[in-house]
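Sending over a structure as structure tokens; questions will come in a sec.
Chain lettering (A, B, C and D) follows the sequence in which the chains are written, and residue indices restart at 1 in each chain.
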Amino acid sequence: MLKSPMIVLNVKTYTEATGMNALIIARLMEKISKETGVSMAIAVQASDITSCVKEVSIPIYAQHIDPIKPGSNTGWTLPEAVKAAGASGTLINHSEHRLKLADIDTCISRARDIGLDTLVCTNNVATSKAVSTFSPMMIAIEPPELIGGDISVTTADPDIVRNTVKAVRTINKTVKILCGAGVKNGKDVATAMELGAEGVLLASGVVKAKDKEAVLRDLISEF
Amino acid sequence: MLKSPMIVLNVKTYTEATGMNALIIARLMEKISKETGVSMAIAVQASDITSCVKEVSIPIYAQHIDPIKPGSNTGWTLPEAVKAAGASGTLINHSEHRLKLADIDTCISRARDIGLDTLVCTNNVATSKAVSTFSPMMIAIEPPELIGGDISVTTADPDIVRNTVKAVRTINKTVKILCGAGVKNGKDVATAMELGAEGVLLASGVVKAKDKEAVLRDLISEF
Amino acid sequence: MLKSPMIVLNVKTYTEATGMNALIIARLMEKISKETGVSMAIAVQASDITSCVKEVSIPIYAQHIDPIKPGSNTGWTLPEAVKAAGASGTLINHSEHRLKLADIDTCISRARDIGLDTLVCTNNVATSKAVSTFSPMMIAIEPPELIGGDISVTTADPDIVRNTVKAVRTINKTVKILCGAGVKNGKDVATAMELGAEGVLLASGVVKAKDKEAVLRDLISEF
Amino acid sequence: MLKSPMIVLNVKTYTEATGMNALIIARLMEKISKETGVSMAIAVQASDITSCVKEVSIPIYAQHIDPIKPGSNTGWTLPEAVKAAGASGTLINHSEHRLKLADIDTCISRARDIGLDTLVCTNNVATSKAVSTFSPMMIAIEPPELIGGDISVTTADPDIVRNTVKAVRTINKTVKILCGAGVKNGKDVATAMELGAEGVLLASGVVKAKDKEAVLRDLISEF
């Protein structure tokens, strides 16, 4: 299991992180994680899980699972399938892949039953609090309007992080709380921790960077 | 490219065809295809493409692609990603994964642009005719109410196959036309060919069979 | 606002409750509600709101609203539009119309802002608890597998009602809790109240009944 | 039935066209249509159909129908319900409400069976051609990127109109072909007719105009 502080990288479907490129980033994170002892995980496309798992020892996450059981479900993402491919966890309800309430509940239960870590994304304080009643392993608060942008959530809206921590803790004492959207450097990560988060979820800040290693090292430079 | 007659197996998300089990079925199909010269392809879960492609020489298809371009699309299936994993084609619009009209058009175009075979599933004569205007490589007519059932479409509703062939040919002379739903044995396949189809798309008839090899051999026994 | 005990009838898109037929049922409920003093509301199709509101004084609810603001949204249900038509409340997240988590939050907020009662449907104890963090006016727990069936939730699964009340009350002391699915007669309603519910949400039990008045009168016979 | 040239106004969910405001626009269109003899129809929100139909004699359309039959469908738009409310037709597959291919087929069939005019929106030449195989009464080609914009499709991309007419006519000789997106004045409408269209579908150009009557009169000024 990831320990605080933790860096979770969602590589989405960027060309810079598809196929062999996903593996290159995963190796980089593994190297830095080993050197520094900072917990890192990478969420890759379903078709890239197997090759990353074979060569890299940091946790490989799926970006999504569907609320289904084995059976007649053509082209959907079976939790057991990403587990069989070697994933150790999964994002759920990312802002680019929102789920119905009942399906979030089902996905968390199914993931827990088969031993996948669960990181549920939320858009505001209210939905973070609601999700915390399901006791996932992690919640990542990411205001959708800041995702992919130039200003970190920790600068643009520090209160949403602070208030999410406060609201979630009235319900659930153990869920890990991350924040994300626009996170790009060590200062953003340090601020996230000061606001009460235990890590960050990020994507383009690393994936689209020319020097990915430099960005990854900078992210954890203030620990 | 597949040639007539062709057998396309959609293994869905059955436990009997997830992870290592997908590979076992793919190997079996490869063996029989080599022995007999009959074209066979297998559509596996995204997370199983890489391992099947590495070990098996028959075409490995994805079960679905999303109408997206590389970029910010968390947990969706990028056409380039399944191609990078080694898939040579994809199902589109399966009855368990229906797409919007504009998205079928986009998926076919995107697949064609990057070199993926396209097999578009349809539910009746009218939608088959509509899809044929997009010139996919293959169309598979599958009446939803017969999918997963005990009676083959070729027995339950031979006219839907015959009329699909007739209607599609008024628009498109080259698209390959398959049929599916309930197909289980050599007689079903032979009847499909007599009705004007050039192959079959099937799933549970093979995947849920105790002796998968026997079923696969029987399917092509009348050629 | 509805007061306990309350009967909320969702007439869905049944022929027996479309157009003039919706109005006939609404009038019947108004008559019985006036005679007995029991709170009753009816959720009709969007196109039937205006005519019901014009002639009937009991609360007319929409069956659904979309999480949208005025603007470019063709064919979606604007909260302000059902309000303008005269609706005084709305169902949200019915099992036949599930919403994404973030959209449930938005729908409740938007409805509250413009003065619509909110009745959010849920499928189990966990999602009821989650929804209660949003403080809607009412929650209706309805196990999907019992909806439209012959056995009332109060008989088939009394614990789901009891445990929902218990779980929701750890979070929210004021939200009204209803139950539904298979509810058909006065005994079912009485049991619901004993289990801690403050009313029932029902549909086919009334709408498909030959003698709707008799069923409605029976429903409240044990108060 | 509408006759060429025809003006179809989709008022979406704009505040300027919700409730009483929808009725005001409908009356205006009726007045101008009567004076000039030009065919006009207005597509209003489901909750506004009844009141518009009661007071106005031009065709009132729904903005959407769902591919459902009477029964258990909470909060969806039943074709029979908009018909019962008095609508004489419906938009289908608007760019803000895209449908699955099989559902477009079903909606057109269901609308035809119960006597609703069908106006199917499409996004490009290929999907227009595909839809024409279903023989709806009308097709409206609207490039999504131009909808709500300042430049009319007839100026920004005249070829898409010309080529749609050409492609559709290879399949279907009788379907009426409209165009839309950015259409705002009489010159745009006249150009649409020159390009082979038989009318226009428009929205914000009228609904958001300060002087709606002036815009409506201008639209048909070149006939």
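Here, a residue touches a chain if its C-beta (ideal position, glycine included) is under 8 Å from a C-beta of that chain, and two chains touch if they have at least 3 such contacts.
Note that this is a predicted model, so its numbers are computed, not measured.
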Partner chains that chain B and chain D have in common: none
Copy pair chain A, chain B: interface residue numbering same or different (half cut): same
Whole-Å gap between the CA centroids of chain A and chain D: 43
Centre-to-centre distance between chain D and chain C (centres being mean Cα positions), rounded to whole Å: 34
Intercentroid distance (Cα basis), chain C paired with chain A, Å: 37
Residues of chain C engaged with two or more neighbouring chains: none
Chains that touch, pairwise: A-B, A-C, B-D, C-D
Residues of chain D touching chain C in the complex: 10, 12-15, 18-20, 43, 45-51, 62-64, 68, 70-78, 80-82, 84-85, 87, 91, 94-97, 147-148, 203-204
Footprint of chain D on chain B - complex, ascending: 93, 98-105, 122-124, 126-127, 129-131, 133-134, 171
